[in-house]
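One structure follows; several queries about it will come next.
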Amino acid sequence: MELVLAIGIGTLAASGVWLILRPRTFQVIIGLSLLSYAVNLFIVAMGRVRSGAPVLIAKEAGDPARYADPLPQALVLTAIVISFATTALFLVVLLASRGLARTDHVDGQEPEA
Amino acid sequence: MFLLAVLVLPFVGSFIAALLPVHARNAAAWLAGGVALAAFCIIAVAYPSVTHGGVVGWRTAWIAELGLLFALRLDGFAWAFAMLVTGIGFLVVLYARYYMSPSDPVPRFFSLLSAFMGAMLGIVLSGNLLQLVFFWELTSLFSFLLISYWHHNSAARDGARMALVITSSGGLCLFAGVLLIGHIVGGYDLDKVLASGEAIRSHPLYVPALVLILLGALTKSAQFPFHFWLPHAMAAPTPVSAYLHSATMVKAGVFLLVRLWPALGGSNEWLWLVGSAGLITFLLGAFLAVFQQDLKGLLAYSTISHLGLITLLTGLDTPFGQIAAIFHIMNHATFKASLFMAAGIIDHETGTRDIRRLSGLYAFMPITATLAMVAAGSMAGVPLLNGFLSKEMFFAETIEIHDNSFVDQALPYIVTAASTFTVAYSLRFIRDVFFGPAAVGLPRTPHEPPLLMRLPAELLVLACVVVGIAPALTVAPVLDTAAGAVLGSNMPEYSLRIWHGFTPELLMSILAMVGGVGVYMMLRSYLLVNEGPPLLGRFSGKEVFDWMMVTLSWRLARWLESKLGTRRLQPQLRVLAATAFLAALLPLYWRGVPLADPLRTPFDLAFALLWTVGAACAVGAAIQAKFHRVVALILLGSAGLVTCVTFVWLSAPDVALTQIVVETVTTVLLLLGLRWLPKRIAPAWAEAPAGRIRWHRARDFAIALSVGVGLATLALAAMQHPDTNSISRYFIENAYVKGGGTNVVNVILVDFRGFDTMGEITVLAVVALTVYALLRRFRPAPESIPVPEQQHAQDSHDEAHPDRQKGDTAKDTTETASLMMRLMFPVIGVVAVFLLLRGHDLPGGGFVAGVAMATAFILQYMARGTTWVEARLHFMPVRWMGIGLLLAGCTGAAACVFGYPFLTSYFAYAELPLVGRVPTASAFLFDVGVFSLVIGATVLMLIAIAHQSLRRYAVPPQSGRHLGSEASKEELV
Amino acid sequence: MTRLLPFPIISFCLLALWLLLNQAITFGHILLGCLVALVGGRILTILELPPVRVRRAGIILRLLRMVVMDIVRSNLAVGRIVLGFGRRQRRSGFVEIPLDMRDPYGLASLAYIITSTPGTLWVNFDAQRGALTIHVLDLVDEEEWIRTIKDRYERHLLEIFE
Amino acid sequence: MNGIQHLPPWAAVLTAVFLLTGAAVTLIGSLGLLRLGTFYERVHAPTLGTTLGTVFIAAASMVYFSVLQTRPVLHEILIIVLGIVTTPIALTVLVGAAHFRDTAERAQLGKPAGRVQPHARVPGDAPTGKAG
Amino acid sequence: MSGASGLVIGPILLPLLAGAGMLLLNGERHRWIVAGLNVGATFALVGIAAILLEISDTGTRDVYRLGNWPAPFGIVLVLDRLSALMLLLTNILALASIVYSLARWHRAGAHFHSLFQFLLMGLNGAFLTGDLFNLFVFFELLLAASYGLLLHGSGLARVKAGLHYIVVNLAASLLFLIGVSLIYGVTGTLNMADLAARVPAVAAESRGLLEAGAGVLAVAFLLKAGMWPLNFWLPTAYAAASPPVASIFAILTKVGVYIVLRLSLLLFGESAGASAGFGREFLLFAGLATILFGAVGTLASQDTARLGGFSVLISSGTVLAATGMGQVGVTSGALFYLVSSTLGIGAFFLLVELIERGREPGADMIAVTREAYGEEVETDEAEADVGIAIVATMAWLGVAFIGCALVIAGLPPLSGFIAKFALLAAALHPTDQPGGAIPGSGWALLAVLILSGFATLVAMARAGIRIFWASPDRTVPRVRVIEMAPIIFLLFICAAQTVWAGPVIRFMQAAAHSLHAPAGYISDVLDNGPSSRQAEGK
Amino acid sequence: MSQLMLTYSLLVAQVLLGLAIGCGALRIFLGPRVQDRVLGFDTLSVNAMLLLLTVGIRTGEALYFEAALAMALFGFVGTAALAKFLLRGEVIE
């Protein structure tokens, strides 16, 4: 499973990086979204893969090693919120850029030549 | 303490002068003159304490931690220099009072002049080298401002800039050199440095330090090859030239040479570097001076030449040479200042400084002419004038054997030749300007200047004569004191007498005199027509300087900037990706990648299938994002769904839940955005050479692949990394016991690390505000301003059929769905409340609940459109955000009131009547704050975009209730 | 009553939803659920939902049973078609059905039914003409489909809502 | 880790059967998405998943957790109901949109000179230029 | 918790509440209340920061345990000399920017004041936090606010620059996350002090992963710090920002610099075992390269604001290079330099618009506003009568320009010169023994700093001449006291820094000493004392 | 025995659902029209929701229900928005 997950993360990241290196703003926003998926998965993966581990703790926690690491999950939640917010912001900026610059090139102008 | 007064006085005067009204000419002059005179008197009075090697010091702590005191130090040498600075300063102020035009902003002039005097005094009185550098750079700055005083004149601007650039960069070198000296000596204190000559000269850093310090000194004193700035500085008002370019600033360089000679001199490097710079400058300056047609230009080159002479004297590296240098510094200051004043008077009275146009002025201004002739005589080294004395000493010194090299042997001949030119230009100055036929066609009819304008020159010329005739009675003790301060016990025997008998130096003087007359006669006809010297052609330092400024500091810089940097986004991201890749790769390469058994958990076919889909969707999105935006969006959403499922697979239900709701909102958001992105049409440049594009793509592909493989490797390695003693253990053990919740993740979010959440929701608020603010100024692409094609088509379809009304088609399709969507509002609302309430114990929480609730709102907008919804639901997102943030913040701050840290939670089980035991945690209130904020922020962002459809672009504002109009700034609904 | 509880059925459903979500029928939850249901109903009035008039609630169950049977049957039929067990040349196409029903809830219910039943698809309802267009996967006889929809569903829905 | 070993055989078998049936029905529905020829035909197929597929898998879940937790776990009903209640919202609009696009295009094609206006297309519908 | 310790949360809580409170007021109708709130809150922040500086100078670190959870489990705020210094610097700069903005800029867009407070919250939090992930949150907060503020006023230039700025920073934020989570994956902690305590014990086979994490993290910080070649976005973005925003942006890069300084000494200091000194040479070279690039850029800048942007790079690069040298003396000099250059550049950005104002009649903002948003011109109409235009405008502007140029170029008499002296004297003087060999790094720093000083001088002279002297027909701009006063105020601080250089340097040296001896930091943070989480209601 | 059967049935069911998800994805890729892709997306999300339910059974953890519920409740919003966009060219009028 680790291997599959790692490949998945890698593919998301590679697609994302490819897209953010493209010249069109919409490509970049899609790329950033893909990258944030990759990063979110990566963070959760840092808690190690524990499929089917209990999520809630009982009143007596017992052996902490049984549980999936909750901290990366909490971190990812924060990261998701922030990346959602920044995606929204970037979207609006790219719209504004498209409107003002009359082009959707990331540089606000078509390259010469 | 009086030293501090002397130093501070000019600056105070400068400050006050700067505040005077623009035309307060006399007040400013009085102020500046008074300051100079007062400083002069204070210093004069201090004379007894500096004789016989006496030193007056004053120091106070400045940067004691770096071994730096603020130290003022007055010895004989500094005393003599300070007398020059203040004395000539006073005379120049007096002169300038009459010279400056009433229409100039004179207070500024005197303010700058006083400040310059202060800075110069700072150099002279500095008791440590760093402080000296400090004032050194200040003199550059004020000289820049003084030279460019008439800044409407481009020559003044250029000259000032050149002076600033050259002297300041020299100052930077001096700074570096001083740092090295400080490093060698272990401090910057002047006494300490002067006492460590031996240690300095034997240190391996001696040569770099010497070179750097010389760069400072030689640039300041306009020595070859940095001499060229001085003639261009002549664009300054003449009082400035008289002060800065004869007596003070340019003397700072030679002052430094003499000052540091005990520490740095006495080596071959000194002899060769300083000596050759001085010799070349002396010769070159004298030669070039002859060919100047501008009076001030002639004086400038003459100054260069005389400074070269002084530099040569210090460079000859003998105690006697230093004495002669000091003496000539004083003499040159007096005669050159008076000559500048004379030139200024001539310029002032005739309106020109061109030697070719001037003639026979003796008849109009006999007194000025006499003054100028005496001073020029001194400059030429005519006996009975002070210039003669120091020149004799100079000749004598050049005859001394120093190191027996060829140059040393030739030195007397070379300096005699140079002196020939000195005589020639002095003669020319007198003969061409004051004698001959009366000039015609001058801009003004010349006459004698006011008495007080002449007075400074008179006093200076008087000094020339008195010193020249009776040196032993006048200047000898002063010179003795000054030289003694530099040389200490090293004082050689010397005598200041007019007549030493028939000595070789007298012969040299006579040769120079005769030769000078001859040269002048020979060149007369040439000078009447030609501009500039015959041999050096059109070569000029200014051109080299300009070329360097343009080429190095502009063209090269721009070229380098374009090569080393970019303003395009893609290369930046490429560099970023590559750097990040390397940053992770290199440590792994050096330390090794800990990849063990790749199958720590068993292979799972369904999971693999899932990720086949996920990966395919990601790649698909990458391919489709350019021309098939909706498709890319769908693929992105699919990859997101796969990610959600994966979170569940990894035992992270909260994350999955959050990802799902966020996913939904993001899709809607991007679709809202697509409304304003016109269709992509392949532009013409897509036909550009395929090879280049293919290469770019290959490179990007390689980067993308590398990053992907790299991240996958990191993830794999980390997932197989043995479990660490993570801090999570504490959370699991204490979430219920101390945090009062069974959902560890949520307890972390609202309690253990509630501070993160606090920040995170603020981010959301900030972004929402930004989106709102930006969209108020939104101007869509022109192509997307009209209603979308679909709506247009549907409307025209309706209009084409008589039994239909506009909007029917859309209504038919969406009416049923709209009803269902409205029914969903309370349903989603109930689920949202459910998620909010249970978050602490089970998956859920304020954020998910908030986004869910926001989805319900957005669904209503989708169902019925903005106008309809906002007429019914009065929802004020910004206020919700504010309330949410305040609630969360105040919940956290409540703990502070009870003496606990921010965000300390409180929980207890409350017995509610009929309901039973209910857990009440302050963290819950915090979560409600989160909930409120998230609804507000999410709705604000999405609806702000949606509102754009209502705006009428490029037409007068609508009074409708749309975003940004006065009526509904806050009430979005 | 109507002011306090404008949509009793929907509010009841919301209460049920609340209890199901919480998986608990404690007094506290019933109380909370009622509160939530009341607020939900109130919001619907703000959203100007037309009032629900249910005449004969008993028919609902009968209709529901019928629909469930139809859904199961259609599932099998469509599954066969997908897997290629079709016995003959299959034809799919649009059918236009004139409806008498105008009640929005009735129409919505019909939409739910038609869409949820594999094999039929709600395409469009022309409110002017009262004509419903559906798409049928296995269209043997148009008239039969019109009859099915009108007799099996519309009639019952009319009884319930109008 | 999970509770399968605590499950009585009858419940295990029932759960298994429900699960497999549900998954199979769903897969068949999704296959239909691939195998059927036109858009309108394809829309019918996934309904299998949203109806019977969901019902069976939710039932499996209900049986399993009810037995495991020895109390009635019924909230999966919500998934069934919500699935059935929400699907038409999306699908009616989607089919309506497709229907309109088709009629509009047919109308356009019927016009002389074959000037096909892409007005009913949306961005991403068809390639409009080279990728780059 | 003593009263003094409780104050540590103030720099975060106060802007939060102020910013949130402003949202409840109608931005348009209550503009002056909101503005007053902003000024008042920032003024209070300066006061709090000053008190905190005083407290920090007693030498004990104040560790604030949020939620009363013990370290390393909960998030802690750590007040030491360095963080207190950065707080004071930030809020002083902020106060100047805000006062300046009241003349006109705060009306150029919506929610300026709340965004500003949130920016301060992010900055203050980033300087105080002792937790790596919390740092991420505050970084994001300050970045989000900076996005908003950069776009404040809108217009094509800002939007174009903002787009680059946002994309690049978003990408860097992702790297931040990767780095933090990887470090967590290897060490199991997020608390910086705990991390420092755990780094030496990391197993040899895991060290590669740890350092990879640190490397990726460093890329994120260095991008924000403006390190070459990750800094191309910066000059454009800073030049495009409205003046008060650009001014406060002068501190933004310093956040990255601060973190690099803090973490490289804390995590990879001398006691870090096999990882000691990780990345130090790289920092040195990158810092030097950044200075050179900045110098080239200043020379190549036609636009005054861009010149300011490149000055920011020089400033960042200098501190980075100094960090790379890893010497206490150099670090203290670098801190002195950091304060001085930040204030100077901040003042310069405020000044740029005033001096350009006279050159282009009808300041760009109005034009941009009209262009961008035909129907809703919302600024400038009624403001001509607000404030009093100052007399002798050109003289003031000229003096201020010279002052800024001197600080930035490192020339006397303002603090820039002392700063360079403090830096270089220590760089050339690695041991206490006078006259020892000068290390190559010392030579390099000397050469590069002299060179950059020269470049700045040339560029500033060129710009100054062009602006003040080369266009005789320029109109004298209308400048108000509240626009000029903040600039003079900042320069005055620079002057004060020269006069009282001794005490300031002493403070910096103390700060540097404790940075270079992280054991105290670690034990202060991890020593939870007896009171933690004892008394909550049950 | 029966437990083992259930375990394997779970695996099989998950694989079947995985394949179903693949079908949805394939339709997204194949198109040909946008409505086909939207339909594929909708199918994919329903199938993913069902997969979540099976994960819940497999792990014996009832808590994944909320995630499944959320997918059931919000999955349609994305599809509806896409459909609305196709129909009207904008999601919110």
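Going by the order they are written in, the chains are A, B, C, D, E and F; count residues from 1 in each one.
One rule holds in what follows: a residue touches a chain if its C-beta (ideal position, glycine included) is under 8 Å from a C-beta of that chain, and two chains touch if they have at least 3 such contacts.
What you see is a predicted model, and the numbers here were worked out from it, not measured in a lab.
Asker: Taking each chain's centre as the mean of its CA atoms, which one is most distant from subunit D?
Answerer: Centre of mass proxy via C-alpha means gives B as farthest from subunit D.
Asker: Any chance you could check whether A-B or B-C wins on number of contacting C-beta pairs?
Answerer: A-B
Asker: Go ahead and note the Å separation of the Cα centroids belonging to subunit C and subunit F.
Answerer: The answer is 23 Å.
Asker: Cα centroid separation between subunit B and subunit E, in whole Å?
Answerer: Inter-chain centre distance comes to 16 Å.
Asker: Where the centres are mean C-alpha positions, what is the separation of subunit A from subunit C, in Å?
Answerer: Distance between chain centres: 39 Å.
Asker: CA centre of subunit D versus CA centre of subunit E: separation in Å?
Answerer: The computed centroid separation for subunit D versus subunit E comes out at 53 Å.
Asker: Could you list which residues of subunit B touch at least two other chains?
Answerer: In subunit B, 567, 569, 573, 577, 626, 629-633, 642, 647, 649, 651, 653, 674, 677, 680, 683, 711, 714, 718, 721, 726-728, 731, 753, 756, 760, 763, 767, 770, 774, 777-779, 789-790, 794, 812-814, 816-817, 820-821, 827, 831, 842-843 touch at least two other chains.
Asker: Provide the list of subunit F residues touching at least two other chains, using ranges where the numbers run on.
Answerer: 14, 17, 19, 21, 24, 34, 38, 40, 56, 58-61, 63, 69, 73, 75, 80, 82, 84-87, 89
Asker: Tell me, which residues of subunit A touch at least two other chains?
Answerer: 20, 23, 42, 45-48, 51-56, 71, 75, 78, 82, 85-86, 89, 93-94, 96, 100, 106-107
Asker: Mind pulling up the subunit D residues that touch subunit B in the complex?
Answerer: For this pair, the touching residues of subunit D are 82, 85-86, 88-90, 92-93, 96-97, 99-100, 104, 119-125, 127-132.
Asker: Which of the residues in subunit B end up touching subunit F in this complex?
Answerer: Residues in contact with subunit F: 605-606, 609-610, 612-613, 616-617, 620, 630-631, 633-635, 637-638, 641-642, 644-645, 647-649, 651, 653, 656-657, 660-661, 663-664, 667-668, 671-672, 674-675, 787-791, 794, 810, 813-814, 817, 821, 827-828, 831, 835, 842-844, 848, 852, 855, 858-859, 861-862, 865-866, 942-943, 946, 949.
Asker: Considering only the defined contacts, which subunit A positions touch subunit B in the complex?
Answerer: Subunit A residues touching subunit B: 1-24, 26-27, 29-31, 33-34, 37-38, 40-42, 44-59, 61, 64-65, 67-71, 73-78, 80-82, 84-89, 91-96, 98-100, 102, 104, 106-107, 110-111, 113.
Asker: Under the stated contact criterion, what part of subunit B meets subunit A in this complex?
Answerer: 567-570, 573-574, 577, 598-604, 607-608, 611, 614-615, 618-619, 621-622, 625-626, 629, 632-633, 636, 639-640, 642-643, 646-647, 649-655, 658-659, 662, 665-666, 669-670, 673, 676-678, 680, 683, 685, 688, 700-701, 703-705, 707-709, 711-716, 718-721, 723, 726-729, 731-733, 735-737, 742-745, 748-749, 753, 756-757, 760-761, 763-764, 767-768, 770-771, 774-775, 777-782, 841-843, 847, 937, 941, 944-945
Asker: Okay, in this complex, where on subunit D does subunit C touch?
Answerer: Contacts found on subunit D: 25, 28-29, 31-32, 35-36, 38, 40-41, 43-45, 47-48, 50-52, 73-75, 77-78, 84-85, 87-88, 91-92, 95-96, 99.
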